[in-house]
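In the two complexes below, chain A is the common chain; its partner is chain B in one and chain C in the other.
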Partner chain A sequence: MSAFVDLKPATWTGIAAGFFLAAFASDEPALGGGLLAAELALAAASRRLRAFLAVLLAVLGPVAVSLFVIHGLLHPGAAGVAVGPLWVRPAGLAFAARTLGRLAALSGAVLLATLAIPPGRILRDLADRGVPPALAYGLVAAVRFVPETRARARRIIAAQQTRGLPLNGNRLRRLRALGALVRPLLLSALVEAEARGVTLELRGFWVRPRRPPAESPAERLIRWGAALGGALALALGRLVFG
Partner chain B sequence: MAFLRTWERRLTAVAGLLPVAVAVNIGVGEVVARLQLPLYLDSVGTVLVAALAGPWAGLVTGVLSNLVWGLLLRPTAAPFAVTAAVIGLVSGLLAGWGIFGAWWKALPGGLFTGLVAAVVSAPIAAYVFGGVTGGGYDLIVALLLAGGQGLLEAVLTQSILTDLVDKALTFLIVWAVLHNLPPRYFERFRRS
Partner chain C sequence: MGSLVDLRLKSLCYPGRGPVLADLTLGLGPGEVVGIVGPTESGKTTLAYLLAGLIPGAVPGMASGRLVIAGRTWDFKGPPDRREWLRQVGLALAEPYYQLSGAADTVAEEVGFPLENLGLGPDRVRARAAGLLESFGLGPLADRSPFQLSVGQQQRVVLGATLAPGPKVLVLDDAFDHLDGAGWAALRRVLTEGKAEGKAAVLLSGRLRRLEGLADRLLWLEGGRLRPGPPPRPAVGPRSGPRAEPGPPVLEVEELWAGYSPGEPVLAGVSFRVRAGEALALVGPNGAGKSTLLLVLLGLLRPWSGRVRVFGLDAGREPPWRLARLIGYLPQNPAEGLFGPTVRDDVAFGPRNLGLSAGEVRRRAEAWLSAVGLGDRAGRHPLDLSPGWRRLAALASTLALETPILALDEPTVGLDDGLYGRLVGLLGRLKGEGRTLLLVSQDLEFVGQVADRVVFLAGGRPVGEDSARALLSGTAPAEGRPQPDSPPGPL
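Entry: the complex of A and B
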């Protein structure tokens, strides 16, 4: 079990890519369910099942409601049956279930990678593999910078509200308030970007020796096996099921 | 050597801007949510990078934004990385033609980008998500389906209705910000 906890970021990315591709292999509802079951098993093996389920339910809950209501009642071209005052379309419900299964498999693939990879490890791993520093830094710094920017947005909203900016009322009034909130957020972010650029330059950002990452052949096999397996499943699934 | 040094400096400036722009895309969403406006405005950072540093930087920002959004907040955002990439690319190309020189040029540029974004995102929304997102826009899709439209047709109509306004406003915001920046800010991103 602990072997799964210690897998490298690239290996989790390979596993997630495999699941992501395989989710498009067929429209059969069993595929989404099967992939999700495998993802749940991996989340449990890496001791992240609780967080995995919590995020998945929070993300897919509203989508599931919309899917079943809209397609259950309005799915185009499907015949309906009367259920009390409603005209329910069984083909629409099946479509909703199929779509939800695929979405769950896709979201689960992203979540597997998200929960398993700490940002600090991604940067080291990407740099060691020779990924351009700009891309590696961009991805990792963005992950770290998002909560900070959201907090800054909330501070700007509170500050402007204190100064008397009306944030409620009709749509036109709220739209007018948008400029007063977005402008300081953007300008402060641009100043920050300039400072970051200068710091990167001073630190010799582009001079970064490449060190081949130390990893076992088994881990390489898992990574490439999962990614290629997903691609193969997608190709075969589309050939067989159309 | 001088060319390489300029190129390196420009790439470093873009590298400093990328994560900030990605975070801005998500931060502006926070403001829009607080104001309860029927908009996304989730491409402001992408368009800003594209305007400052060109179409390829815009494309990378778009892809990174949706990946980070998918990783941090909403795993379902990842498939729309394609749309975000196209928005970055198109707005960078339009910026190269000088559309951020005046608001009346930025407005049609935003409308055109919105149309392209709608055409690219509608098949993804229809095929991957069944045309719903779990948000308020689902009501528009429901109304169009009830009116007899097919799924792709309904999602495309909804996307055009929302993306045209959204991207026009995004371009106007970026135009306003660019006009508030000191000229020296643009020096770091200049290509030659």
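Entry: the complex of A and C
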């Protein structure tokens, strides 16, 4: 299992690309389901299953409900059967299942890439591959600090509430409260950016040597095999299913 | 004994300002630990930046003179070779959160990060990081995100990362205020080992007592100049008081369970009571749940189970802004809440939120600014103040709410001896007036001087209770309780 945790970001990207391409091979529900099952297994192997499921359900839950309700009841040109007071269209339900299967496989591929690769590892991998450290840091900082910024925003809201700032009431009152939350957030972000620059200097990040990460032939095989496998599946799917 | 550090500084200026440091000479031999004590804004951090090779370069500034470390001379004409300097000088500063690189996903990676930047292979990085994690008691936290740790735990991580390249000179600028007893013990061990290996350390603090017992020699920094000999000894005030006769319970916590993630309680069955006019301190190791407990009392974190009552009100149901009329709160990182164009505006913010008249808002702002000694700095931007003054600005804005209870989280961090004395005097006066104090602090000197009673927390549970006098006299904690956090030197 730990072998999956240690995979390089580029390898996870290759795996995700493979799943993404394969999802377009056909809209057969079995393909979508199979790809999703494989993605779930990989998420579990990389110890990200809980986060994977949470995000997937949050994203696809409302979509699934909409798809089945709209196509199950209103799918154009499909015959229907009466279920109580409703007129359900089986062809519409099948269409919803196919669409959902493909969407799930595509979303799973993207999630696999984003959840299995911690931002710090992407950053260090980019720097090791020769991307200038400042650029690499800038690219990853947006992802890296989203949760930290959210946590800081929560702390600031908490601090201002304990100074009597009410967060209820009319729009004008809430608008005034917004200033007391946004301004310290911006100010502290500026302070943090300056301090973080000093820290990276002290840790020697700006002079980090370029060092292409050592990786085993097996890992290279996984990366390219997954990406090419996905492309091949797509080509075959197009040939067979049109 | 040859010199390991030889600093001869003519002057150091920041752009657009006069000299911050001038005519300063500092020499350290191998195995020597020097303590530099100085009041806030005396240039301690600037001196630390200079030794770490940050000025000129990462921090804009101009210096003249020279610094020799282990035979390598640097003339301040440009930044030093950073890769070489990493092995010469390691610097840790006061606010640990800002010293997390943001480039590491786990504590182990954060500690090993400087070694990766030096080009060491993964196996050597892992081995060295594992040793440092062990030294600072961070082994069980190795796979956690450093951003999710308590401030005290983050301070240990920063110390580990600073020591990772094995610098010949360790510079700590108030980088110990959040350490608990185990953290202090680890720091002592590291310094002792460093001395044995012929390394040196420069420890900078605003509090003389922090450095006594750690440093071989003490120097005094004032007005940008370093003076030999022991700095003026701060007056040790009597225990605060007079204490008003404790009244009825104003704060009641019963079997409290709370946390941030399901199944991972931070507080596991905490119970205690505080009476009106009493000063209670919560003491315990880093990550014991002390700050979390304050969040529950303030209505900022809903309890999972148990009861929390503030003047009879259920804190688990009341919105925080309503509880703000009863409990004034000084957060651990007060800078995050300050945002006004001036300190005066920030102090007036709370009273204004309470819907008081303009005259009353003004009166309170001026009164509490003056009480903490910020009267002549009231027109400055709060973020332009030193960390010590910033903490007092946040305290003034808390006090301006004029609540019957004050909950203060690490109020002494960043204060120098003068500001510390002022804080202790002020809290003593408030206690004498009948205010109830709830203190969270790693500073046992402070706890001993201000608190009446101490509750020990460990692993989210109360593990004992004592009078603050017992804490001072060394009879507490009793057997079976965790060793509380003890700074070096006499209390």
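Some notes on this structure:
The rule we apply is simple: the second predicted complex is superposed on the first by the 161 of 242 C-alpha atoms of A that agree within 3 Å, B and C clash if a C-alpha of one lies under 4 Å from a C-alpha of the other, contacts with A are read in each partner's own complex, and residues count from 1 in each chain.
What we mean here is this: a residue touches a chain if its C-beta (ideal position, glycine included) is under 8 Å from a C-beta of that chain, and two chains touch if they have at least 3 such contacts.
Remember, it's a predicted structure, so these values are computed and weren't measured experimentally.
After overlaying the two complexes on the shared chain, residue contacts for A:Arg124 are found with chain C alone; chain B is out of touch. In the superposed model, more residues of chain A are touched by B than by the other of chain B and chain C.
By the touch criterion stated above, A:Gly164 is placed in contact with chain C alone, chain B being left untouched. Contacts of A:Arg152 after superposition on the shared chain: both chain B and chain C are touched. Of the two partner chains, chain B is the only one touched by A:Leu111; chain C is not.
In the superposition on chain A, contact is made by A:Arg102 with chain B only, not with chain C. Of the two partner chains placed by superposition, only chain B is touched by A:Val143; chain C is not. When the shared chain is aligned, chain B and chain C each come close enough to touch A:Leu187. In the superposed pair of complexes, A:Val55 makes contact with chain B only, with no contact to chain C. 137, 141, 144-145, 148, 152, 156, 167, 183, 187, 192, 195-201, 205-206 are the residues of chain A that lie in the contact sets of both chain B and chain C, per the superposition on chain A. Residues 8-9, 11-24, 26-28, 30-32, 34-38, 41, 44-45, 48, 60, 64-65, 67-68, 70-76, 78-79, 128-135, 138, 141-142, 145-146, 148-151, 154, 173, 176-177, 180-181, 185, 188 of chain B are the ones touching chain A in the complex. Taken together, the chain A residues at the contact with chain C in this complex read 118-121, 123-124, 137, 141, 144-145, 147-148, 151-152, 155-156, 158-168, 180, 183-184, 187-188, 191-192, 195-209, 211.
The residues of chain A lying in touch with chain B in their complex are 20, 55-56, 59-67, 69-71, 74-77, 95-96, 99, 102-103, 106-108, 110-111, 113-114, 133-135, 137-146, 148-150, 152-154, 156-157, 167, 171, 174-175, 177-179, 181-183, 185-187, 189-190, 192-201, 205-206. If you check the complex, the residues on chain C that touch chain A are 52, 54, 57-59, 82-83, 86, 90-91, 95, 98-106, 109, 113-114, 116-119, 147, 161-162, 165, 295, 298-300, 319-321, 323-325, 327-329, 331, 333-339, 349-351, 353-354, 383, 397-398, 401.
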